[in-house]
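This is the structure, below, for whatever I ask next.
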């Protein structure tokens, strides 16, 4: 019923299959996204200023809210393709049914929603498939509660390893800070990864540019087209994040410590930078298409010129030799002694005249 | 006088015929839309937390406001092409004349209007005609009053069956909630149906893309053109819904329970997602037109190349053989013993030189 | 000095001649617009809930403010090309000099202005000249005072007849309502007339579309160009009306009854609908230009293909027959008994090969 | 060092030379603009309700603030190319150094700035050079103080003569009003002059349109290009004025009388009208380029058709005559009595067939 | 690991390499930008109304906050490529870790951030490399604290020399004013330098325009393309500065003196002017591409015309001479006495007819 993880077209990546979802009540726990046979994994960090304990539960059913708020709990789940397990986990943490639904529907646009006792944040992680070089996106859902963060991503990727390391090794001040800072760190890693994606885009565009000016091939346009599709995909997934971060940086809630907004502002700046670069890239790609089309036109012009030169040189010559191929009885030239060399001279002069004409026109 | 349900062009679908409407006073009960001979049907659900009673009145004249507000009344009407019957129904429920007019004029853009004792919401339902594959839209008008919802759609379609089933089977919390939640459910189904429409769009665009890169035919452009027209139609009918849902989600009215805005926010998110996808599709289609035009140019270039190669190879050859077709008395070459083979050699060298020239130009 | 009512270009219709106006003080009573020899006519409706009296003054000089506010006075003037008469009329009704100036300068963009004791509203009426099918616009100026409405239009057209009939026949509640409702009715008729204009546009665009896919002629592009010019004209005259109606619907003034804003909201909705349709039409026309250009390119490609096929088939053949037209003494083939039929076989094979080549290329 | 008043390109007109200005402190009195050898002139009007005295000082050094505020002083200066004189004048009137700098830098965009005791307004006057028909702009700087207006323009042009006449002849209420009304009158004249410029634009565009449909020449495109450049120039200089007038019309300051905002609103309306027309013209010009390019394509298509028809008719004919030019011994047709006429029949049929083919294709 | 200062493509200049930065905690001191072997230099100005002392520390480690706030300290640092030294300097001045990070990451978009005791401003300085004429940008970071300004730029350039001179020579009022005025002066110099860059752009565009109308070469398009890329780069770096200056001009903080906002407003005006010019240039460049493409099309049309004329003249002639090259026994014309001259007359008439045809078509 669901999309198999085969090659997906850009159109498929712009809108996931929601067939199973249609007609269901809001809050219904149905998974929208790529099916997977990988089991759902999870990892819990429990830390305060001094210590950091890491737990790797074998089963989501083992995850329960912490009895006290003395320590910060960061529960990270890899995979959301088992609706029932996710739903029960959410219910244990008293998440709103719509939040659970949105965690499962991995096709959300980035957003932030406030619930009485929680913030719900959605962002998108982009990555290129190492095999087919396809750009795909994954949903990151974060629920920020008092001293607890639940985060969900679709696949078992390792983007957030630096956060894990900093927590476990006690680097920086991450342990001193609370659940809101973990939320910040997750979004910070996500936005940083956009720079990597864009850097790769830059490299691809440079290659195209080089080819464009060296030897524009017809295969170049589909390549540009694909990059544009991917920029549309990126833009759709990143643009709303700006608003999300803007709201988090201005939010006055007891769930967010007074020192954290300054960090959200930092990520916000980065997100705007990313969006600026995407917009600039769009402009650059549009310029490339123009160059490509124009150089195609130029090459056609060259072909037509060659045709014109050859035809214009040889048509008069062929006419002249045809003239003396006529079988009239009375053609005095044919009898002339130097008729034949004279024709050669006429032919050469005609050809030379044509060549001169093209020289003056700067065609050759 | 009215449009018959024959094949309609995109232009007709962008603006319905209002001839009969012109010059009438505002609030005049005139039907604007596709005429129909189907009788108007209706269905009433009367429910509270425990029970749900379904009534199917034979005639609109039988529908009257409920005497008490203890139970929620959801009155759904299929077809608005009998102005008098709709007008009388509206008057019994004390609807403002402008509301009745808007229910009958099925060409409204989505909107929400507040009246002293009611909300009036208009949305558009899109569907493809199963026969001619044409995208057409239908108006859904919802009047939300205290414990009563009146909803009107143009044709007897079954989009809202899931709501009926949930009410009748008591699934979920729909029975516990009030008239505002029924309004939400109707809009939720409408927005969900947009995803289905867009999914179908995506499939059509994929097919075009495949053809575009395989073998672009001239018939492809009209297909792209039609899809663009339909996207314009969709955009026109969906874009204002965003504002409608935004207002419903922020509205502070006693007609809307405090728990319902969170559900309107959910539909609002989906509507924005739909709009994002529509915008992305527009971009993608624009890119496709570019690819199409460029590949048309490429093919023309190929044709011109073939012409040039043939002309450039054979014109000099024809000149040479024409040369020795001249009838001059004194043409020493003609007398040479190996004149003829020598000409063959010259011809072959000339042709080979030309072929080499084209190889170097990478034309062949 | 003024524009004669001859054929006007789109540019002329975008900006009327203001030569006479330059350097005059603000409030100077100078007519900007099409000159006319038709005398200025007028019509006064004096009504209250029970009665409606119609007066047709022979001269503007006979029109004076009503002594009491018990009845509503609607004074409608056809033609503003006699600056002095209009100025004196305005002064009798104590209009601000800038209002009188704007009534005379029939080139205003739609606007609403509040003066201490009056609202001044400008809107534009569009109509196609029945003779040359040209779209032209006319200015409607409305001054709303307590229990008095003065309205001015440039020509003696009959758009507002339905209002007159409703007043005279006492249909609907128009007599019960005040001067603000007359203002609403005038604007309602204006906006309704836009739908008619757009309907006509739709028909023209349909015709173009049909031709476009059947047999695109070079004459089609100027037609599309003219429609685009006219859409620009419409857009310029309708877009600001949205703001005008938006302000009237939100205005809290003692000149506007508390029940009237709901009606202005209705017209506002229609105006937005009109603007939506205009924008959609622009998009559709842009798509048509693309289709036209592409089909022009396609046809050129067909012409080039025919040329290529003919040249590519006949050039080798001509070479071959030229070959055996050479006059060499020693050409053994010429002596062969079956030389001539053999050449025919070669010619046929060559031609067949070429045809096969084009078949494979799908050119024929 | 400065720009000589020679022919300037569009680029130069978009940004004046600021070399001398670089690295100077803000408020430095450096002239940015076209150098001039014309001496700076000035004219002072001192007026109240009854009288109006005109003074023409021989030297800027003679201009001093009026000792009392009983009368309104309007000091108009023609030319700002003597920084020192302007600076000293400004200092006598206690202008902020930044105001003096902006008066001298004649490259300002329109703006309004409030200082504790003054408003500083910048607007741009456009005019076509009568000789080379080039559109150039001039800066108008206005300082509005209590009962004093200082206005500066770059050249000795006579746009403001109507104001002078009205003041001197006591026409209208201009003498009764204060310094704020003089400011209004200056801006009113400026905005009115835009209509003249646009009227001239309209005439030029009409001419282009006529040519475009009659006989599009390659020289047309540079003309369109120049008009577009000039529209860009106009837009850049007029667009910000809208904001300036909007602020003046809303400003609550003791420098502006309560009756004046209504007049600023009038100019504001005109400015918006001008901007609307500029935007419409841009759209129209864009459409013209499209028509031009398409008609160029159409003409090329005609050329290719002629080539194709000639080649397609004559190539087979040439082949046939070449065929019977072969020198085979055994060619029975050559011996036939009616061989030659038979060939003529074949030639005619072939040609006729080709012509029929082109007829069917609607090429001829 | 870092970018070497070799030739950079536009893509590289739109986004610097951040590899080393990925996965680091926010506030990590990592340098993002061009590596350099030049040592970091610095210069300190300590001044009050009377005196100005200049110190050139040999090492950043020697720079410490001033013990009292009596004098203004302006510390300017050239080069930020030694993260550790910059970090320690920042820590001595109690800068927020995110500020230090942003100083080191020289890829920031312009922004202003308020911290409890400081403003942090980022702007970008653009310059053309004198060798390869490439436009590159450099980050200017300014920290404004009470009576102290720290400013950092990436390379040892001398843009700010005029400020140094004014401080050292006591010109103007710069010494009387405080740290906020130094901030203003730095930004003023930056914005002024944009005018220089745009002036150079204008010159380049003028050259292109001249060529475009004289003799458009294929090399012109890449030149236009490069300029467009550079405008995208400029726009990305300058656009956000508008907001920065807007905020500084409205900011009410004790760090900014009440007289300074008027100067920020001045710079703000200049920045908007710069942005206007950039937008106008974009429009102008877009128009140039159109002209270029159209002239390319025009030239192709000329080539095709030459081909058509030659082919159309010589094909019939070649046919005629081929006709009389046939070897039929019975061809009476061949026997005629004046057959040959008669053919010449036919040939001449045919050629003349063709030439007349082309004349009428205005091709020659």
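To keep things simple, chains are lettered A, B, C, D and E as they appear, and every chain counts its residues starting from 1.
Methods note: a contact is a pair of C-beta atoms (placed from the backbone, for glycine too) under 8 Å apart; a residue touches a chain by one contact, two chains touch by 3 or more.
Values in this document were obtained by computation on a predicted structure and should not be read as measured data.
Chains that count as touching both subunit A and subunit D, per the definition above, are E. Copies subunit A and subunit E of the same sequence differ by a rotation of 70 degrees once their CA atoms are superposed, given in steps of 5. Work out the mean CA point of subunit C and of subunit D, and you get 26 Å between them. Centres computed as Cα averages put subunit B at a distance of 42 Å from subunit E.
Each of residues 297, 300, 304, 307, 311, 315, 318, 322, 325-327, 331 in subunit C touches at least two other chains. Interface residues of subunit E, counted against subunit D in their complex, comprise 161-162, 166, 171-172, 174, 184-185, 188-189, 192-193, 195-196, 198-199, 202-203, 205-206, 209, 213, 262-263, 265-267, 269, 272-273, 276-277, 280-281, 283-284, 287, 290-291, 294-295, 297-298, 300-301, 304-305, 307-308, 311-312, 315-316, 318-319, 322-323, 325-331, 363. Residues of subunit B touching subunit C in their complex: 9-12, 14-15, 17-19, 21-28, 96, 98, 101-102, 107-109, 111, 113, 115, 218, 221-222, 225, 228-229, 232-233, 236, 240, 289, 292-293, 296-297, 299-300, 303-304, 306-307, 310-311, 314-315, 317-318, 321-322, 324-327, 331, 333-340, 343.
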